[in-house]
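Below: a set of structures, written as structure tokens.
You will see two complexes here that share chain A, one where it goes with chain B and one where it goes with chain C.
Presenting the complex of A and B:
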């Protein structure tokens, strides 16, 4: 009997092994790989200049003005986005029967992932020197400078804040509202005892996340900066490299950017991630009722926000009708669109696979309560959120230029760097759900000795909704890239955002509007499909 | 033979100590007041809690350094035994290493849950969920079975059925069973050796 038992035990040892170690090692290899790309980029810059950063720049007034402007515009953008996001989220939450609410929520997602150049083309048509609304803005108005940058940043990030806050409000348990009714809470008590505590934790997190996005913003500042007094570190790096080829200056700026964004990033990563792509699962039968006046105010806020989000998109329409519909233009747009889709899907698939693998050691350290290691892994996995895309692109370009024909391999670098850039977004989104799986079923999975594919299949069913929506987010972000393509792209192969930029910079605004409208339609179509897939998941 | 040698588990301020040798095929019921460490012992044997000192050996082979996924143990937890997002049938087949559906259905019918297998776990009552977990745990090939209050949510009749089924399965497949229960009648019906802890 004993030998049978021992044999069975040995058999179990061999067949029941769930490959945890292999998963962890693969995940760590991916972390190492993405860190190596970053290190190679910095090595490229340092080795080329041979003298390191230009530290004298730190005492230069030019540097101070860039630094102050970078922080100022990011702070204002984050502050306005989060301050406006709250009342709009309240409108969505307290008025569940709002007209076009689903369309509005889809639009918020579209706005967040909207390619910057589509938005800028829309804003120029609306508020540029010959814009439809410019006469209403007074003589002092200029789209270029701080106003325009903040306007565009708020447009791009307000939807994120709205969705994050709305998600938090939806998480308020019904029992809290039942208790509030029973205890006859005043509106102030409901706000301070129920609503604010639900939002408080994520408020700082949302603010910090938007701050980093705006601090690292490139295309908006490049297009709407309008001069040296409105330049951020990211654009200054681009200018130092492209116009002056001053590597020392670029390095100092890059390190400064890394340091500041890094500090915020570390603070952010000590907290949880923000869930903002969840399904609308709110039942809400016991939520607080609002007075008539309050309802009117919330409705007005909702309509104003809807109009604000639609305006720059509608402003593209006249340009679409006035565009030159020559075969050459249509061919260019068609080819660019095909390339954009190909690159987008390649990046999104790779990023999702890598993000899932990277999550394996991160989850493992959490299960084993290895807090320090957990933070280190997370930091390394997400470091590209603060590493400027421009710096990474130029670093690799300089490093590989003497070694290989970058015209032939340019697209490979575009894919690699875009994957690197979107991985943090993918991790941010899937992290909470996978960790929840471990909390609910970690012991059960271990006890059942599930193999990798068996476990993956169960996890897939558990997290399908968030994985699908994350894929859509990552796909759309990758499709909108301009910064990386500006370095590795070629004149023969252009993506649609880059074609829009070329049209706009050569004053062919109507063609830019046409290309923008097509890209926008593709984005809306993909979002619609993927939102549907997510809700059916 | 399962040997628990001077095992010490630290849970907060509580130091829990265990010593026992359990023969292969033996059924042992664990009893004691709440908080004395019955579930902790099972979790430690299964590899989910680290022992501060002492050893757990299965036929002389020390299990302490072996990962939970590699131990010759199947465990039924107090809760969270079913994945909520996959069907009861799929849940029941997990970890059973190619068990045929007919055998599974025979066992399910014996436990009066044969007609529940196509449902989702959320459609089942607490007692039905518990029996699905119990069914799977006993049908798994591992020689050591750990059951943490497996009959807690069952009515008297179902409890009787489930107890007899567990006893029969354990005997037929020579399983070594450790089972937490608060009911003396479970000890009697399982013809088990009782281990009073605390």
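Presenting the complex of A and C:
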């Protein structure tokens, strides 16, 4: 009875603090802002076309085949990524002394954020008609088609699955293993009683996240699709908006995409987020000992995955040497790189600040146990994950072009839209840690009547490592954007991905490879810095 | 490096960093991005025009020709540009529908008679023929007609007609050659197509890496390799049925505040000076007769043009695409 009163009192003091209230409201305002942008984009499209979605399209068999294909490739990609992720995560977990483990984990992050342009060039060099590995694949091999798309999607998302599962496995408490040893569990029992429950919670989540990413995939499908049979909803939206300028059709496609991705999205956000950027726990884990045979198998899996992740990147290297290293080319690349870094850092900083602030009301609703409000806030804050990027960009373009001089101020829109695109990723990563902080230290900090900044500085120390990792993730994601820049960017200031695209569009393929290699090295450099900072945090 | 950040910040905050001199009038031209790249025609055209016009030429780049048209549709009468440059002739009808095109005051006396150009709003500035390019060191006897290519088993890369003008050109080509047997022709072609790419460059770069025997491109592509790389092995296959041409056009807008300047720019585009610059920067053929070109251009094939009824093609485009997407399935 008494503890209940104390409990209530503490809750009141928590909510009573004025600065906490302000930060809650600010968080809500940011959520409102994000939703407004999406609504404006749709408004722009609807107002311009004077009509809503073209509902006749729903009965067109072409539409049905696009729908089926989109779902099929996303399902297969997600399934294969998660199924393969499991044994690899086990390999990492059971062999703590693997060589180059840190590099492996950095590589998983690199694969996830790799610009698709670079990825596709690498794959084509490796497995295209004239690729290095193509002779090994047999007569009938062709990179282009459903299997090519799935291969590229698996390459991009398998590392994500690996890290997510590895993180989960690391959360298995030592006591479970000690008990297992005492009870003399067989390997099968260890798997089903200890490992699987640990993974099960996050399996659906990982699967859903990868599904959404693959469902909304655009550049990979266009590049490796190989023909009209490989068209997804996002590709169809692009064709409808750009080449036919048929807004009615685009709207139907966009709503369908929102609906389907939205269903998976709900699955995702009903439970905890996936902690995959967490620090490696270097705590002395009590490991169950593995037989020599399983050690060899796990080692082989590790090496195979490592090679798989490195191969397309290495395939880019020959292209670099063929390039024309004139001063003019290097200067343009340098300028473009500077702009990319500037934009990337601005987007990343903004995204982190906004994501942190959005978490305030979300954590608040959790503390006050307002579960339905909690789910609603989360949903609204993260919805840009499922909104088709094309629709947002074009909608805003249509709305604002007659009103303001986009040629001069287009960059602002590039920043805004990039921030919007990466906020869900940021929230996804920092959520678990911040909520954990509330659970561990929430009561203590309120009973000590800590001021806002004191609390914040403690939070910072607690969550620093995840905040640094997330910053790097959103930085790299924002740096790799081409789609938004192609609509809002001006030609005076080019980003590096856009410059690569320009080189490639005008016969200068070797310069494009050089620029891609430079972009890749910057990515690798930033990632290594990140891993070091994270492990020292 | 240190100077770049303040420069970029300033330009982000104050808008156009390359603001025009307020004393001189500015001519705004919408064009596509590869036109204004450092190695494209843009910079040279700008320098040459500004010498004589006492104005500032300001290129505003969109992603490609279709984006220019889309921008006009969105802006309507608020369009900023005085001239649009970079549509191809297949888009002329759509452009005229916006009601923004200004009738030009140019005479076409110096244009090549084979172009047979008599449009009242649009002025052509370069053109090219679509053709399949092959590596002559690997293929000794290339195919000599479209039908032969379709029926052979040579690996082919071409572009998506829905997203790329060469792809659209191939679609018109197939329909012109095969008529109502186009469906089976597409299926036949699909059986030995490596892939269908979104844009020209994806396909072409794949071809350069040895991805296919033939790639759809322009008759002028070998000229680029000859002049820029001294590489003579890439050649265009000449087809007996003739080739589809792509003419790139420019026009003035009737919302322009400097109609006289716009017209003088259009005149400049078909002047000898501009027509000398364009072939070796945009890698297309000049529209004016008797232009002295680099010797490499003499080695190019000189195809017969297929007659194209643009009006009819614009109408049939949607149904042609429907045929393609259901029959070109592998």
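Just so it is clear, the second predicted complex is superposed on the first by the 507 of 537 C-alpha atoms of A that agree within 3 Å, B and C clash if a C-alpha of one lies under 4 Å from a C-alpha of the other, contacts with A are read in each partner's own complex, and residues count from 1 in each chain.
Methods note: a residue touches a chain if its C-beta (ideal position, glycine included) is under 8 Å from a C-beta of that chain, and two chains touch if they have at least 3 such contacts.
These numbers were taken from a predicted model, which means no experiment stands behind them.
In the superposition on chain A, A:125 contacts chain C only, with no contact to chain B.
Using the contact criterion defined above for the overlaid structures, shared-chain residue A:59 touches neither chain B nor chain C, since it reaches no partner.
Using the contact criterion defined above for the overlaid structures, shared-chain residue A:369 touches neither chain B nor chain C, since it reaches no partner. Contact with chain B, but none with chain C, is seen for A:450 once the two complexes are overlaid on the shared chain. Put chain B and chain C next to each other and count what each touches on chain A; the higher total goes to C.
Residue contacts after overlaying the shared chain place A:342 against chain C, while chain B stays out of touching range. Contacts of A:328 after superposition: chain C is touched, whereas chain B is not reached. Touching chain A in their complex are the following residues of chain B: 24, 46-48, 58-59, 61, 66-70, 72-75, 77, 80-81, 83, 85-86, 94-95, 97, 140-143, 174.
Those residues of chain A whose C-beta lies close enough to touch chain C in the complex are 48, 62, 124-125, 128-130, 142-145, 222-229, 231, 238-239, 242-245, 328, 332, 334-335, 338-339, 342, 397-398, 401-402, 405, 407-409, 411-412, 486-487, 490-493, 502, 504-509, 512.
Partner chain A is touched in their complex by these residues of chain C: 1, 4-5, 8-9, 11-12, 15-18, 33-34, 36-40, 59-61, 63, 66-67, 69-71, 73-76, 78, 80, 155, 160, 162-163, 190, 193-202, 204-206, 208-212, 221, 224, 228, 283, 322, 324-326, 328-330.
Of all residues in chain A, only 1-2, 5-6, 8-9, 12-13, 15-18, 20, 440-441, 443-444, 446-450, 454, 458, 461-462 touch chain B in the complex they form.
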